[in-house]
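Please go over the structures that come below.
Next come two complexes built around chain A: one with chain B, the other with chain C.
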Partner chain A sequence: MVTKTEETQLNRLENQVDNGGGGAWDYLCLVRKLKVRRSEKVLKHGLSILNDHKQRSSLGADEWTLYEQVAVAAMDCHCLDVAKDCTKVLRKRFPDSKRVGRLEAMLFEAKGSWELAEKAYASLLEDNPLDQAIHKRRVAMAKAQGNISVAIDWLNKYLETFMADHDAWRELAEIYVSLQMYKQAAFCYEELILSQPTVPLYHLAYADVLYTLGGLENLQTAKKYYASTIDLTGGKNTRALFGICLCTSAITQITKGKSKEEKEGLQLQSLAAKVLEKDYKQRAPDKLPQLTTALKSLTLSS
Partner chain B sequence: MASCLLHCYLSSLLNTVALLQVYCVKFSLFFTREIRVRDLSSISQIYPVPRAILTEFSLRRIAILQQFRFGNPRTELYSATRKVGFRSMAEDLVLDTAIRDWVLIPLSVVMVLIGVLRYFVSKLMHSSQTPDAKIVKEGQVIVRARNLRAGANFIPSKAFRARKIYFCNEENGLLFVPKGQGQNPQAQMFSDPNMAMDMMKKNLSMIIPQTLTFAWVNFFFSGFVAAKIPFPLTQRFRSMLQNGIDLSTVDVSYVSSRSWYFLNLFGLRGLFSLILGEENAVDDTQRMMQMGGFGFDPSKGLSAEKDNLDITQHEWALLNFEHRAEAVLRKVIS
Partner chain C sequence: MGLAITVGVFGVLVLFHAAYSTIQYKGLLKITEDEFSGPPFNVVIELFVGLLLCFWAALTVPGKFQSIHPHSEENRIVSLPANLDFMIFNHRGKVSPVELDVKLR
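Entry: the complex of A and B
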């Protein structure tokens, strides 16, 4: 997770480097530390350091880290020549390194020669079966080829061992959602909520999945999670506000006639609608009519 | 491979021993000469010390007390003691330049050199150990179970119950360790030669050099007042700074050689990170902590986590979140 202060620092540095203010190396270090994906900038500034002999040699041993970083960024930008050169330099310096082996396999992958890449990854895994990065690369490769079911298999296998890796859970959840396997996705989002209970995005996604699943119980739970998202974000999440409205109207539709606790729910709904209207008035006044009709249809149907 | 490693150990050991021997010779020469020059009578001439105290001092300790200021003000010292009298003798203690040249500097240099040497030796012996898949998995299970326990109230009770059973059931729950299967670490060590090997390596790169240097410092430098720090300190620092001299009259700002050794041992980390690169610094304190962690039994962690999870009650935290959300929204509107 990138905190706000780190992000502002990163953006400030990026701005400074873009405008020729120097500090490229610091910027690259920060990008590496935060693991953010700014491949184009990394490629541009990293290459300018690598091509400048004086700057490069002043890095000392960090030079090789920079080569690796630039190589990965180049693969991401599909500058295969640059990636190839960087990998070659690294291979020359570290003849039997597994880390360079991984880079080479990734290069195969970037070129689209899946079989070669698969073979390379398999041989790397034989040496070290617990290399998380390679397991993840395999999943990414299956996904890139369009074999979603294979990707799910790999991910499940990976999660069997590394079950505390929430990034993998998140990936799996998103894949399941894309395949409309909502029950499985719900399980993954539960796992994510468990590992980071205060991240509102997971609550929101979980509520979305539950709402999609339908059924009275799920709808009520979804409403609770939308409510918790509102609580965690301070009412700033538009999606959660809409979610509350939708959930309430769906629930009233189901429980028509035998209303017990509906009044409370309706209150929350009207509040959410008010906040939505206020938001739209402030930020997108031209879309206000659409919103009012949409909200009206919701309340009418109940 | 093993013979190569053994060769490495031996050669490094020999290196250390050779280094020690060189210093042995140098310092024994140094001491015999020094002690011959400074005999008791000359000391009592310079210091107006009562005889009773003198007899208490060992010969070598007197050699310390008799140290002179960096520079050569033998006469200055004499006049100083005359002026202020015996009472303030401890404060006016001045250190010989020879102590600086033959104790303070060599000790620091040797500590740095040993640190560097140890770094290279441990780098030579470093084996990239692939962790056991089972141990990794157990660690991950524990982390996930802990997450479940901590965040239990944030998921619906149905989901919590399903997970609890998944972790804790008595047939194939993840946290369930069948009786008698938990290996005790000692048996494991015997069955796995790699483990014993790692232990030996750790010993070789840490304990042996440390004991050797400590013995060396103790043998040659015990009882020296090696340095003076430029600010006064309270009595509590005496045990830290004057380890090895049992004099209560010496001012606390003087540092004994053994204490100087300890200060170097724990304080050189910054220098090492400068010489050897950031993450390569040999940190003794950290290593000692690692040693303490040895013999940890993962199956114990599993069953402890299982007990914790068993008694965890589920109270869904989201039941009243709708009211909280209402309050939040009211605030937004107003």
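Entry: the complex of A and C
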């Protein structure tokens, strides 16, 4: 999870590194730790460290981690020569490593030779059938080829064995959302909320899915989850605030003032609107008129 | 920092002095053959002063307290990590390759 402090630290380091202020290794470590995708920058700064013999040898054993990181970044940027060179260096150092084997298979993937990659993964799985990373790569490969249904099948099979893997649950949820299979996506997000109840973004995504599904009951639940997102973020999440407003107006549209909790709901909406206005005034004053008209249309329609 | 450490050391010295005074007072009681019912009032005051000084120093020297609330400004989660395990390589970046003159030497 990337927290606010870590985000500011990352941005600061990125700025510093881009302007030639040093600290490239710290930046690369932070990128690895936070698992953010900054392939281009990793490639550039990682290579400058690797090409500098003095800097490279000062890393000690971390040098090989850097080779791996740069190799993956290079595949992402389609600098296949660099990726190949890095993998070769690693293979020379670790002649019978599975991890390097995975890297080589990923290189096949990046080249687009799916059959070779599939064969490589299959042989790696034969040695160790419980290698999670390789199972995940196979899912990703199916997705990359456009076989979304195959990817879903693989993922479901994988999740039967490794139920605690929340990254996989998230991936499955995102795939379902992309296919507009919201009921299935909602199930995945429920699973995610159960396993990590303090991550507000899962609550938010679940609420989004429920709101999209529609219907009075789903809308009411969505509103609750938007509210819990606000609770967990201290009211700093703009999307959740908008969600509250939208849910309330949708609910009042359905119930047409029949429901008895309506009053409470309207109070919540006006509170959320107030926070939104305050936030906009502070951060984007020129967009404030747009916000007020949008909010007014929401309350008028109810 | 330096001030806090000095205050802490001073607090510990005060505590030691309070202990020493108590022992001395007990020795005095043995000579006058009185019962020991508790340390004298000024020693109790000294104890409290020493305790307060030590407390203050112990809370200041190690550094700032960090928030444990999930919704505080520092701990607030702003984004999820990119799902790198499921990273795929045939994305639109393929069409516009990086114009970098990079090579592993």
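The definition used in the following text is that the second predicted complex is superposed on the first by the 229 of 302 C-alpha atoms of A that agree within 3 Å, B and C clash if a C-alpha of one lies under 4 Å from a C-alpha of the other, contacts with A are read in each partner's own complex, and residues count from 1 in each chain.
As a working rule, a contact is a pair of C-beta atoms (placed from the backbone, for glycine too) under 8 Å apart; a residue touches a chain by one contact, two chains touch by 3 or more.
Note that this is a predicted model, so its numbers are computed, not measured.
Judged by the touch definition given at the top, the superposed model places A:231 against both chain B and chain C.
In the overlay built on the shared chain, the residue A:208 is in contact with neither chain B nor chain C. Set side by side, chain B and chain C differ in how many residues of chain A they touch, and the one touching more is C. Looking at the shared chain after the overlay, A:136 reaches chain C, while chain B stays out of its contact range. Using the contact criterion defined above for the overlaid structures, shared-chain residue A:110 touches chain C, although it does not reach chain B. Common to the chain B and chain C contact sets on chain A are residues 231, 234. Across the complex, chain C is touched by residues 1-5, 7, 34-37, 40, 43-44, 47, 50-51, 70, 72, 74-79, 81-82, 85-86, 89, 106, 109-110, 112, 133, 136-137, 139-141, 143-144, 167-168, 170-171, 174, 198-201, 231-234, 236 of chain A.
Remark: chain A residues 61, 128-130, 160-165, 187, 190, 193-195, 197, 221, 223-228, 230-231, 234-235, 244, 264-265, 267-268, 271-272, 274-275, 278 touch chain B in the complex.
Per the touch definition, chain C reaches chain A in the complex via residues 69-90, 93-94, 97-98, 100, 102-105.
Residues 130-131, 133, 136-137, 140-141, 143-144, 147-148, 150-152, 154-156, 159, 163, 277, 318-319, 321-322, 324-326, 328-333 of chain B are the ones touching chain A in the complex.
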